[in-house]
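Got a structure for you, questions after.
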Amino acid sequence: MSKIQTFSSFVKRLIIIIVGLLITLTLLFSLLAYFVPSVKELQDILLSSFGNPSLMLNYLDQKGLGLNSLFFKVVVFPGFTWAALIAAEIIWFERKFLAKMQMRVGPLYAGKIAGLLQPIADVIKLVFKEIIAPSSSDKWFFLSIPIIITSIAAALLAVLPVSEGWIIMRSDVSVLIIFALVGFVPIAVLLGGWASNSKYPFIGALRGLHQMIAFEIPMLISTLGVVLLTGTLDLVNIVYAQSNIWFILLMPIGAFVFFTCMIIELERIPFDLPEAESEIASGYLTEYTSMAFGNLQLGVYIRFYAMAGVFTTMFLGGWYGPQILPNGFEIANQVIWFTIKTLLVMILAIVLRGVNPRVRIDLLLRMGWSSLLILSFVNLFLVILILQTELSQIFGV
Amino acid sequence: MVFIIKLLSSIISGMNQVFKRRMTFRYPDQRLFIEGDGYKYDPKTGIGINGYRGRHILYLEKCTGCSLCVMMCQGISQAIEMKNLPNKQITVNKKSMFPQIDYSKCVYCGFCVDACPFEALFETNEYELVSYDRESLLFTPEQLAIPPKKRPEPTVNLKYGDSDVYHG
Amino acid sequence: MVETSNTESTLIEREQKLAADLKSRFGDVLEITIKSKRIKIKVKSERLLDIANYINNELGFDHSTSVSGVDYPNSKEFEVVYHLSTYGREDFRDIVIAFSTRISRDEPKTLSLINIWPSVEYSERETFEMFGIIFEGHPKLEKLLLPEDWNDIPPLRKDFKPPGR
Amino acid sequence: MSKLSLSVGPQHPGSGHMRIILTLSGDYIIEAIPDPGYVHRGEEKLAEYRNYIQNIPHLERPVVLDATGAIFPYVLAVEDLMNIIVPERAQFIRVIMAELNRIISHLYYMAIYGIFMGHSTMFMWPVGDREVFIDLANTIAGQRVTYAFLVPGGVRNDMPEKVKEQADKACNYFEKRLIEYEHIFMNNPLFEKRTKGVGILPKQDAIRLGVVGPTLRASGIKSDVRKDDTYSIYNQLDFEIPVSNACDSWSRAWIHMEEMRQSMSIIKQCLKRIPTGPVKLNLKQIKVPPGESYSRVEAARGSLSYYLISDGGKVPYRVRIMTPSFRNLITIPYIMKGVMLADMPPTYWGIDYWPVEADR
């Protein structure tokens, strides 16, 4: 086989592989169809419903894979694909937005309009790179970290109420579930830093641990404010409680504390000490290459979307919003409002990234343990004040 | 409280920049316009004439082959050597020796132009000298004699808006 | 003997006063030439330290800008030149004293003035590795810029020919 | 507390081509030993084998960001030895180019300071605005960064007419930008928290160690070679020297910002008062009589001085270059003591240390 010299020969090789795969699979599949009955039945459905897709849909319904089945919710709509798509486009938007703020152009050539397909181009590039686990590192732990971090991020989506109907798992302790999952991430970061067994990732991992442990407490107390106000731990009920007033108006301090802690949890620029390039050469991510690194980035950005979603459900009134679409589409209207608010929260975090330098670890911890903690207690006091006096009737909570 | 005010002021100044025009221009489609036609030197008054110092241009009929430019460049980057062009018969240049410039070494300081007493060697504002191998960067006297072709059309230069700068 | 350069003789009465003051104190060992804003003092090497102390404390030249070695192979000598300037004294800020001593070329040894002017630490180390002049009393006289495995003679000496010359 | 020896190597994102050997206890630096020399080229030896004109391109190379500042003292030293007076217009053009170069170098300083703090916008803005002044220098000197524009006897070519209004536009634009820099960077609360009171160099240490440039003026000593040891036409121009007694990294950055404002006002003054006339003496042949001369100039990073000895021949006998970064190198062990590892890059870059210039 000739060596790949130019880009065109690479694309040619790619197409040959894909076409080859398709042909072999269809051959194999049609062979299979003659022996396995259910597959044969599926093949008839395929041939007969070639005309109208509705036949296919209700076949899937029978099989439990239909539009409102759990499989569809987990895999497609409010679940992983939807979050991965948003995460990919947020990466594109962040690079384009920061570029515009910095007088430059940002991604341009991938995808005809303004580099829209840049994230997909990155994924393709990463997929073809070689995964290198350093020889001195503990190989299996090292390679399991990206999977762990991405799965934690995806698990967070389970309890996120995108709209009234569209929620994967409605449980009455969903706030606890979220904080249980968020608690896993520092352990995975430490494992990652420790497994790559080299000086800089280890310092990065220790810093990550310090940072994340220090900021769960103010975050918990600010959510305590919300839970006290609504009396439930179920995110959907919290959203119902905000039908006539959003909690951000009731407790701005709690929202500010939660937003800051969220950015610290996600290690965004003002607080991205674990991967501070100029000091410790991108901390615990240093040793990861190709799809391991790609997976980690995907996990980071899905967690970013999930935490922004939690912030909107708790403080910005989830899916409530004026009716834009004609009244036949309430559910779609709710989904649109939820997504707009989440994207706004993410854009604010991106603006903060463009505007601030990095904070030093002791300033971060001092700020966390002293100012944020006190602010969250003040917020708690205000919430109790609202509850006990007749203010709660006024706000209709 | 001062912390919040200062943070807001830096956010506002960051957001202002989002609505201004970009500084970068897309090089292969747009090219930077440089006016004038390069740096020249007038040996009589000993003063150079302002211009961009890019690729050299050699007027073969004026060059006497005195290799003063070679001696000057010897101490800087040894980029110029003399080359014999047998088919070129110039009255002033009996041995028909002409300078050839190796642009993988040249630092574009323009002292060879200052050293030439016969106004045979000037510089043009041609700056696009890229090649895949070093040999093609060695410009023979004939190549140096060809004046650079006009720059393809979409040329941009620095323009000043009221509070932003862009290449338009 | 004080020679003054011919052109701006009117401008330099400050320098002349300084030179006269130095002459009166260390008359015999000094040889001073003056230019506007520049004084060159050649010193015989044995009274080096107390002249340097005098310049630093009384005249107020509190830091050294550079230490340079100069190689004179035909007269078999090295010259070590300390350039001194001042921040403390506003009126002398534009004067630079070049304080130089001559040492023999075969065994180049001189006293390090690091205790008087700490700012000469790296300059002296550089002059040591470039010329081979040993500064006695320098706490850490090692190579500064040259690579560790430099086994040739000190490069800035005149008899070191760079490759290709 | 166990000691960890960490070498911030020649190829580390937090330092240039120079190594600093740090001994840490926990996160605090106890001792920092600089180890320069990775990009030493032996400029002083090269200068002894080239004549006075051929020396100009390569003597500019180490101080690549401030090429006019690098070659200005060399040209002054040669003219001092040859006892020639440069025409008035050439002096003005030299000062304009020197001040332009100061702004270009300070902008690069602010950019790298920003990226060392993790502030990517503060990297892009100065680098973008630097293009404005590089374009201005390009119209004057014909080259973007390394100009080889100053020669013994004057300046190589005259300044075209359109530079006047282009410079006015550039300066008006840039004054507005400096205010934006202050909002997003200098007065950014997180930046202040990280740099105020970090990397302290007290006043007596600054004098004792012979520090130069903005680092000296940030430690409370109002000394600038343009005012103290005036050369060229700086005595005819009026400008102040920013000083701050805070002695910390923040004030070093603040001094760079103020100096950019002063440089712009100098450029405006020069453009208003520039006379007409020749820009270069017609020296057929550079003949330097034997003798020695020491000249210094306030380059962008501090006082840069040349000690030139000539024995009357075509090539200089000895050229001693003393660059500001080499003079500031001695402060690294002092200001890094007690600083945290995370603050090592800003303090290292605060003294505007350029490894190529220090190694020569």
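Order as written gives the chain letters A, B, C and D; numbering starts at 1 within each chain.
Please note the rule applied: a residue touches a chain if its C-beta (ideal position, glycine included) is under 8 Å from a C-beta of that chain, and two chains touch if they have at least 3 such contacts.
Fair warning: this is a prediction, and the values are worked out from it, not measured in the lab.
Trainee: Between C-D and A-B, which chain pair is linked by the larger number of C-beta contacts?
Mentor: Result: the pair with more contacts is C-D.
Trainee: Return the chain whose centre of C-alpha atoms lies at maximal distance from the corresponding centre of chain A.
Mentor: C
Trainee: I'd like the Å distance between the centres of chain A and chain C, where a centre is the mean of that chain's Cα atoms.
Mentor: Roughly 67 Å, centre to centre.
Trainee: What whole-number Å value describes the gap between the mean CA coordinates of chain C and chain D?
Mentor: Distance between chain centres, rounded to whole Å: 25 Å.
Trainee: What is the distance, in whole Å, between the centres of chain A and chain B, each centre taken as the mean of its C-alpha atoms?
Mentor: Computed value for the inter-centroid distance: 51 Å.
Trainee: Go ahead and note the Å separation of the Cα centroids belonging to chain A and chain D.
Mentor: Their C-alpha centroids are separated by 47 Å.
Trainee: Mind pulling the residue numbers of chain B that touch at least two other chains?
Mentor: 7, 10, 14, 17, 23-24
Trainee: Going by the contact rule already set, what residues in chain D reach two or more other chains?
Mentor: 49, 121, 125, 128, 184-185, 188
Trainee: What are all the chain pairs that meet the touch criterion?
Mentor: Every pair of chains in contact is listed here: A-B, A-D, B-D, C-D.
Trainee: Residues of chain D touching chain C in their complex?
Mentor: 36-37, 40, 42, 44-46, 49, 83, 207-210, 216, 221, 223, 228-230, 292-294, 296, 303, 305, 307, 309, 317-318, 320, 322, 326-327, 329-330, 359-360
Trainee: Provide the residue numbers of chain B that touch chain D in the complex, in ascending order.
Mentor: 2-3, 6-7, 9-10, 12-14, 16-17, 23-24, 34, 39, 45-53, 72, 74-77, 107-111, 114, 123, 158, 160, 163, 165
Trainee: For chain D, which residues are in contact with chain A within the complex?
Mentor: Of all residues in chain D, those touching chain A are 6, 12-14, 27, 114-125, 128, 184-185, 188, 190-191, 193-194, 340-345.
Trainee: For chain A, which residues count as touching chain D in their complex?
Mentor: My answer: residues 98, 101-104, 199, 269-270, 272-273, 276-279, 281, 354-363.
Trainee: Looking at the complex, which residues from chain C come into contact with chain D?
Mentor: Spelled out, the residues of chain C in touch with chain D are 7, 35, 37-38, 40, 62-66, 68, 70-71, 81, 83, 85, 87-88, 93-94, 96, 98, 117-119, 121-123, 130, 143-147, 155-156, 160, 162, 165.
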